[in-house]
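Can you keep this structure in mind? I'll have questions shortly.
Labels run A, B and C following the written order; every chain starts at residue 1.
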Amino acid sequence: MSPAAGRSPARAATSAVAVEGIARRFGRRWALRGVSLDVAPGEVVALVGRNGSGKTTLLRLLATALRPTLGGGTVFGLDLVREADAVRERTGLLGHAPGLYQDLTAAENLRFALRMTGERADGAIIARVLEAVGLGSETATRVRGFSSGMQRRLALARLFLRPPRLLLLDEPFASFDADGIELVNGFIAERRAAGAAVIVATHDPEKAIGLIDRTVRLEHGRLGP
Amino acid sequence: MSATVLRPIDSVLEPPARWVGWLGWWALLFFVGAQAVGVLISPPDRDMGHLQKIMYVHVPAAWTSFIAFGVVLIASIIYLWGRSERADLVAASAAEIGTVLTGLTLALGSIWGKPTWGVWWTWDPRLTSTAITFVIFVGYLALRSFVDDAERRARWSAVVGIFGALNVPIVYMSVKWWRTIHQMQSSPSTVDPEYALGLRLNAFAFLFVFLYLLARRYRAAKLERAVEVRQDARALGGEV
Amino acid sequence: MTTLRRELARAGAVAWKDLTTERRTKATFNSVVFLAALTLLLFGFALGPDAEALRGAAAGVLWLTVLFSGVLAFNQSYQLELEGGAFETLLLYPGDRRAIFVGKLAANLVFVLLVLLLIVPMAAILFNLPLLRPFPGLAGVFALGTFGFVTLGTFYAAMASRVRAREVLLPLLLFPMLVPLLVGAVAATRALLAGDVMGDAGSWMRLLGAYDLIFFVASLLAFEYIVED
């Protein structure tokens, strides 16, 4: 992998994502071996590749959950490492694991999410968002009793609270029924229309009907053909 | 593009620096000489007799272990400041040597104590603080062995090393107060001036030995990492 | 909202979440209280049955019991997050991540103080201790000692809970660091229980206060380093 020619600062400022030469190691294993990616606002990119190709690692890296071992870049012109906090304000990740608290209710999980972003926990907003993902009747139910599909919907609802300008979805169609898939697609469409950038890591890009602008393939941590 | 997180050491395996070899010989000769001064020239203690000569190893070992942990503290701070991998390796090497020196101090203190006061252990503030310091740095080494990822290992052990080093004077002070309130066995006698020369010489001897061991251990750690860095370069396709 | 108020609000949210979860499951609290009670009894068997000997050893026994049983709470506090991958989500909220540390510290503090509330009277009964007269001083010692214990416990558990052999690693890392706290808290407690004739308790409490401050500040400064990845 050779680092691509340097990007002009102007381009970095206008792209949603501009990263170059990203490599990430876990212990002795390299999950990403030099990935460069540019995504423009309003673009929906599908990230495809087998398990272990580095899709999840790349998404986590863009979300600033991980820092790159080598390489770097910007999200909306903000450095991934030095301005990570500002990047977090603009990014939202729907990961593999739902990241919910099992002994809190659906509403309480969302209340917590709102309070953690420094906002007031508005019951009306929470109710509306739960309704939107079809969990309106489960407001006061503890998450421990939820099916995995329901937990994913709740995780999605959490993203609805603060729609991000860079939306990162890791296998959003997995363990989701047809209604759930529709919710995800609706969100992707809404975000695109709002000028946000979306990166969807998935095995089944066909499920995102008509929404994908571009496909990027990862193989063993590198960009494929 | 250069690394944002880790400034890795060079993968070029340069031969060991010449001065390390010379330092090794110097340390050995100086140590033998200093011990000779201590054993042969200084007079036996009126109470303890020749047993007192253990002090020429026990006390410098203790002093040098504190120097070692001082190195851990400074190297850890340097690592957190600039994420230089060299600093991490220096800290780890110094911690290993320091732990060994501390163990030696404790063992000799115990051996000295038995014939002198009839007990294997006294709750003397210095010995007790040394024992706690020993466990703190065993914990440091245990943490390093449990974390596989090089970067996380370096970061966490730097923090743990700094906290441990910060705690050493606090432990010493608190145990000292604890002892004065309870008035137990008195601590080993303060040093008579006739022993000062032997002690000072041996202190330097231990310092040279420490520096030599540190240089050797650091090089071994660097070689390990250099192999890993080469493997990384291959994994990344020839460029790091 | 100013930044500090915002961060305190976030810390409050974390503390609320930890305490609410614990209140609902009570899993950790019950086990810790039972273990502490059992430890007190075992110490009684090991050191007794002479009442005078037990009384003399009571301060040490009490604090050791707090340390051995309280340590279970710290890894548990992070276990909560690690189960569902919630820790990563938690770290990704915009804002100062030290708010997470302060929130968990507050929740663990409440937890350990509640355990103390049950265990101290039990120790008083088992070892025949006069609690009422020295109470204000004792409350101070318990507050200072618990704060230092919980600060370092919450801090080290942020690391230990994420590696293997965490049940061993946390005590191995934490307990040597707690020696000054143990020495000071036991000395002050013992002095107070014996009527504090020499006025020692005050100086020990000053040591505890200094220790608490040093390690609270150090933990705040270092927390980001141990959670970034």
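Note that in this section a residue touches a chain if its C-beta (ideal position, glycine included) is under 8 Å from a C-beta of that chain, and two chains touch if they have at least 3 such contacts.
Not measured: the values here are computed from a predicted model.
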Central subunit by CA centre of mass proxy: C
Most distant chain from chain B by Cα centroid: A
Distance between chain centroids, defined by C-alpha means - chain A, chain B (Å): 47
Distance from the mean Cα position of chain C to that of chain A, given in whole angstrom: 37
Inter-centroid spacing, chain C versus chain B (mean Cα positions, whole Å): 31
Sites on chain A at which at least two other chains make contact: 67
Sequence positions of chain B contacting 2 or more other chains: none
Multi-partner residues of chain C (at least 2 other chains): 228-229
Residue ranges of chain B in contact with chain C within the complex: 80, 132, 135-136, 138-139, 142-143, 146-147, 152, 155-156, 158-160, 162-164, 166-167, 170-171, 173-175, 177-178, 181
Sites on chain C touched by chain B in the complex: 159, 163-165, 169, 172-173, 175-177, 179-180, 183-184, 187, 200, 203-204, 207, 211, 214-215, 218, 222, 225-226, 228-229
Interface residues, chain B side, partner chain A - complex: 1-6, 148-151, 228, 231-232, 235-237, 239-240
Residue ranges of chain A in contact with chain C within the complex: 60, 63-67, 85-86, 88-89, 91, 93, 95-104, 108, 112-113, 115-118, 142
Residues of chain A that touch chain B when the two form their complex: 1-3, 20-21, 23, 25-28, 30, 33-34, 67-72, 80-81, 222
